[in-house]
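Same chain, two partners: subunit A is paired with subunit B first, then with subunit C.
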Partner chain A sequence: MLRYIGKRLALMIPVLIAVTLLLFIIQAVAPGDPAVMALGQDASETEKFDWKEERGLNDPLVVQYFNYMKKLVCGDFGNSYSDGRPITQSIVSRWPTTIVYATVSLLIASVFGIALGVLSAVKRGKFFDSIMRVISIVMFSMPNFWFALLLIIVFALDLKWFPVSGFYGPRYWVLPVVALMITNSAGILRFTRSSMLDNLQADYVRTARAKGQTEFKVIMHHVFNNSLIPIVTYVGSCLASAYGGVIVLEQVFSIPGLGSLLITAINHRDWPLLRGCVILIAVTTAVMNLLIDLIYAFLDPRVKARFKNDAARKGKKALKKASENA
Partner chain B sequence: MKKNEHNRTIRRRSMAGEVIDRLVRNKTAMIGLLILLIVVFSCIFANVICPEGYNSNDLPHRYMSPSIKFLFGTDSFGRSMLARVLYGGRNSLLIGFLATCLAAVIGIALGAICGYFGGAADIILMRFLDVLNAIPNLLLAIVISACLGTGKLNTVLAVGISFIPGFAKQVRGPVISLMGSDYIEAARSIDATNTRIIVRHVLPNVLSPLIVQFTLTIALSILCVSSLSFLGLGIQPPEPEWGALLSAGREYLTHYPYLCTFPGLGIALTVFSVNLFGDGLRDAIDPKLKN
Partner chain C sequence: MKKIIALVLAAMMILSMAACTAKTEETTASTSATSTTAAAASASAASSSAGNAAETAQAAAEGSADSTGWQNVIYASAKGGNIDAVDYDTTATSTKDTLVVQIPTDPGTFDLTYQQTAQYTLTWVYNKLLTYRYDESGAVGAFVTPESLATDYKVDDDGLGITFTLRQGVKFSNGYDFTAEDAKFSLQHASSLSDLAVMDADNIEVVDDYTIHVPLKHKDANAVYDVGGIAQMHSYKYWQECGGEAGDAEFCSTKAVGTGPYMLKEWNSGDSIVLVANPYYFNDEPIIKNVILRVISDPSVAFMALQNGEIDWMTDTSCNWTDVSTVVDGSVDGITDYVEYSTTCHTLIEDCSEGSPLADLNVRKAVAYAINREDIATYVYEGAGYCTNSIVSMSSPGTVEYDPWPYEYSPDKAKECLAAAGYAPGELSLNIVIGAGDTLRGSAAELMISTFAECGINLEIKYVDIAAVADTLVNQPQEWDLALKGTSNGNYTEPYAATFFSDAGVLSVQCHPQNDPAYAKMVELAKQMNEATSDEERNNVWKQLQDYYLSDCMYSYKIVSVVGHNLISSHLKNYSKTYYYNFDVAHAYFD
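On to the complex of A and B.
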């Protein structure tokens, strides 16, 4: 198991190197001069030159890249162009907000999505199912930033129940969480429903019913447990993309998270900051994918057995070696 | 005469015919198609519906609420929102569609090359796609768009590139599983070129699930385009685009919420109808999958 995790983490390294390379190429061809962005339009040529010299921007791109990678290996993302702060510091101050926001929203979304999806599959073809199908496809199709604006219009401006934007107390959290939750729970519902329906027709379900199992147990123990893997994959991928900054919604609600940091970085041509964010997001996505694969092992006894056999074989080998040495 | 009739019945049973038959009988898919056609045609004929154009200022009629005269109201320059939403729809739909085409053409080509040739080509291309895949879709589009700059063509490129890996992965797997089949072997044995085998024998056999993927990607890419414009990348004002209109309307949310309602409705309706149609198409192409 540990070896598998190690192997997967090692496989991330070439991808990350390529991602940094890609970002450097993008930086080289992108329009807009960071020096102008930092110093203003009327900065003189020498000022701009000095500013660039200080940050090593006058070196050839290859040299810049290797200097950057050298620092990166030591965990130093460099300093921001616009405020000079270390990138790590900016990320540490912003990322937790996004993580909490995404986790809370997706937890609620999973509860609703999975419960309604299971119900919808069980009541297939009935009125409840049709209603859920329509609602889920409508919600799934709605751009979440538009839905967020509608929420603001109704609940913040008309009814004045919640504040329009900001992220200070629980009252500020309600609308952003609902906005992110709705679209995601619609997706989870659709996924759960189709995954449940795939399994409902399986032979083991007929067997379970034939031996007189109660319908509840058939659904929850047999069908639901077997439907979980695609659902977990889907929820995991939603969570992974949300951890990478809920870019548009953070802009709508002025949430100081990773997404809004990223947009600031792009608007100011703050390349080190952008690089830092994108690398972080790439790592997060890869780690989340690894976690999803590990969760499979817990959900699917077949996968678990394979890991266990590997471990047992290795354990026996180690034991044999030890006894030989003794 | 009899032979002709026989031929006709056989032709009627062709795969495409059966798919279309099933599709036409699927009510929700047809509703989706109908909504989509209404949206598309009203955007195409925007110049007939709103002959004044999207950029004609009418300062005395600023901030008019939706009424018979101004169906969707007017904005801060007195420009008709109906015209702006319809002309904006032209941009959103066209860019979304072109970006999907770009992603499909490049993605299918890359996927087919990877699956068909295998070996070094496969490894190198798949690692490259892994790199693109390591960054979430919208973020990738944002980064590329920041690099290329704004404008229609650049937006098509940014969104298109970000959807390439999805198509490539969808093609590669089935192509690999086809490689052992007899008719590929047969084509090789009569000395057909690789290009000919890929285009004539491999691709037609993996294309049907791709039609569904293509349809659903159009919905995603329209969402992606409007997200980009909403963030200030993508299409720039005064050129209308649904996301850009939403972003502009956001400033007047407190007093003139209708400025945000209609552009968003445009996106939602289009994506909704494309999704409905795409689901129906999937059921029609592979009835086994239908739940």
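On to the complex of A and C.
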């Protein structure tokens, strides 16, 4: 297992190289001049040239790339073009907010989505199932930013139950969390229902019922456990993308997270900041995928056994070789 | 194979880690500011008690008729150095202790050398040598005011230097005294800005603790305005404590210290900037003790927050006419629309480079006749803009308002001009660049499509990422024909024209008219304007330039003058507009 984890972590390196290379290529072809964004549209050509010279932007792209990579391996992401501050400082001040926001929202979404998905599958064809299917389609199709604005108008402006924007405490979290939770829980509900329905038809379920197991135990112990793999995959991918910044919702609710930082970087053509954010998102996604794979090992005994067999096989191979050499 | 790849990757990691730790530190280059000795900086300044209302400066020449040459030009342009203090009610009390102002983005810094968006936040934390204010004519000038850190200034007889007399008894918000060393350092710190290129920053002289002499590289009618009004005053001693050049970014942002009515308490990146009353402020203590600048980027959300009372002020840069109109027509209570007739215009830019259809004056005139400016102002901009018959904003002194406008909308005249250029109706196709998401200018362009069609010109809108518009206009002339963009102009000393029409000005850089036969004379007239030694002479040349430009050039001109709107809580009183985006809230209170 440890070797597997090590291998997966090592494979991140080519991913990061590819990501940074792609970002530099995009930087070269994307319109917009960071000097103009920083100095204003009326800045003189000399001013713009000097500004770029200080930041190494007049060097050939290949030189810029290697200089950047040299610093990156030492953990130096560079300084922002907008305010001159270290990128790590900007990211560290914003990312935890996104983590908290995304985690809380996805946790609640998972609870609701899975519970309702299981119920919907069990009561297939009934009124409850029909209602859940309609609601989930509507929620899944609705753009979350539109839903967010609706929540603000109704609950903040009209009813004045919650504030319009900000992220200063529990009362401020309600609307942003609900906005993110709704669309994700709809997706989780549908996945859960679909996965449950597949397993409800399986032979082992018929066997368990025939043996006299209670319906609750059949559903929760046999069917649900076997349905978890695709659900975990879906939730994991939602979480990975949310950790990269829920860009639109952060803009709507003025949440100072990674998503709004990314937008700022794009609008200002702040390339170091943009690279820092994208690298973080790439690493986060890779780590989340690894965690999901590791969770499989706990959920699915077949995966766990495969790891053990692989280790055992390699051990036997080594022993055989040693004995042959001896 | 897998093993080999893993080994190679591991080797790369180890090698790079080793290279990283063995790397020697680079020495940082010292700036010209650090060449001054620190010893006599501020420690020995005679301290006097802070917080006294400023003594009024002696009036300077006031543009007296007896003065001649550059002295007169600069003084006359800056209106003699003094302006009356606004009569605030200093005995008022506030029902709320915190003013919440919405800003669309985190400025990231308080210093203009890093980011231009800093300018609307910095005036509450910093002061400058002179203060920008609107005068009675509506133009912006640099004046000695109770808020300025200079109590007087004098331009050298030869126009190649300015001596500033500094206000005594001023302290920074960390208790450090403000002296001439700080003024010198601050001017040198800001010397990379192009507006301060006239300054010979390396030779700024500290005459005594409260007097500095700033030499100029050449005579410039704008020198007092730029040198006195742009650079915010920093503490040199504190800069050194922050690490000098290495810590400059933090010095200008999260560790900012100034002499203004408010001081920085907290900077929550991307969320809010918290200011509190500066206990060392040399003027009246602010009535509202706390100001929070909250970042709300979505204008609709900001407007809802304003309606909900979560913010008290929505800055002009966020307001859109849809929200403003609900306030204007009385649909929303408790909010005031503060209207400002700003110097910003929406200007038509034309690509006049060689090979472009607009390189032909007849085509440019056809385009001018094809634009119905009145309809655009009335039906598209409504309360967000108005039409004047001038080439640039009327806030530039000496700008002529033509009556009638020589290019009133006329499909017949447009077709005549097209025919003179050799185009049959419907033969000419042009595109117009609009920043993506810019609904106002997009709507104006859509109206232009129909009026152009009536004149026999096919017009197509090309939406470009807002961040890329300037780059597209300057570096890719083959990709566009027309553009509609915002231009701001007009300061007191220098009719915008002298910069706008010069060979390095915005017009030349964006319109590429260098090969046009009329271009050289236009540039020559602009140069004459800048070298004129009296306002009368300058205005005469400016009139000539405007007439010539309308008949022979027409590379770029104003379509609509923009009206600025700030939506402010009706309970907030006693604030005043200073200039451009800046307000004075030091005397404001909630009733």
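Please note the rule applied: the second predicted complex is superposed on the first by the 309 of 326 C-alpha atoms of A that agree within 3 Å, B and C clash if a C-alpha of one lies under 4 Å from a C-alpha of the other, contacts with A are read in each partner's own complex, and residues count from 1 in each chain.
The working rule: contacts are C-beta pairs under 8 Å (C-beta built on N, C-alpha and C of every residue); 3 or more make two chains touch, one makes a residue touch a chain.
Just so you know, these numbers come straight off a predicted model, no measurement behind them.
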Touched partner set for A:Leu149, first subunit B, second subunit C, both or neither: both
With both complexes superposed on chain A, which partner does A:Thr46 reach: first (subunit B), second (subunit C), both or neither? second
Just subunit B (first), just subunit C (second), both, or neither: which does A:Leu157 touch? both
For A:Ser82, select first, second, both or neither according to whether it touches subunit B, subunit C, the two together, or no partner. second
For A:Gly244 in the superposed arrangement: first (subunit B), second (subunit C), both or neither? first
With both complexes superposed on chain A, which partner does A:Phe253 reach: first (subunit B), second (subunit C), both or neither? second
Between subunit B (first) and subunit C (second), which, if any, makes contact with A:Pro31: first, second, both or neither? both
Looking at A:Arg94 after the superposition, I want to know if it touches subunit B, subunit C, both of them or none. Which is it: first, second, both, neither? second
Quick one: classify A:Ser165 as touching subunit B (first), subunit C (second), both or neither. second
Overlap of the subunit B and subunit C interfaces on subunit A comprises residues 14, 30-31, 149, 152-153, 157, 251-252, 263, 266-267
What residues on subunit C touch subunit A, complex-wise? 2, 6, 9-10, 12-13, 16-17, 19-20, 23, 105-109, 114-116, 192-194, 248-250, 252-254, 268-271, 294-298, 300-302, 304-305, 307-308, 310, 464-468, 470-472, 504, 506, 509
For the subunit A and subunit B complex, residues of the former touching the latter: 14-16, 18-19, 22-23, 26-27, 29-31, 124, 137-138, 140-143, 145-146, 149-150, 152-153, 157, 193-194, 197-198, 240-241, 244-245, 247-248, 251-252, 262-263, 266-267, 274, 278, 281-282, 285-286
Please give the residue numbers of subunit B that touch subunit A in the complex, ascending. 127-128, 130-131, 134-139, 142-144, 146-149, 219, 223, 226-227, 230-233, 246, 250, 253-254, 257, 260-261, 263-264, 267-268, 271-272, 275-276, 279, 291
Hey, which residues of subunit A end up touching subunit C in the complex? 7, 10, 13-14, 30-33, 36-47, 50, 70, 73-74, 79-80, 82-85, 90, 93-94, 149, 152-153, 156-157, 160, 163-167, 251-254, 256-257, 260-261, 263-264, 266-269
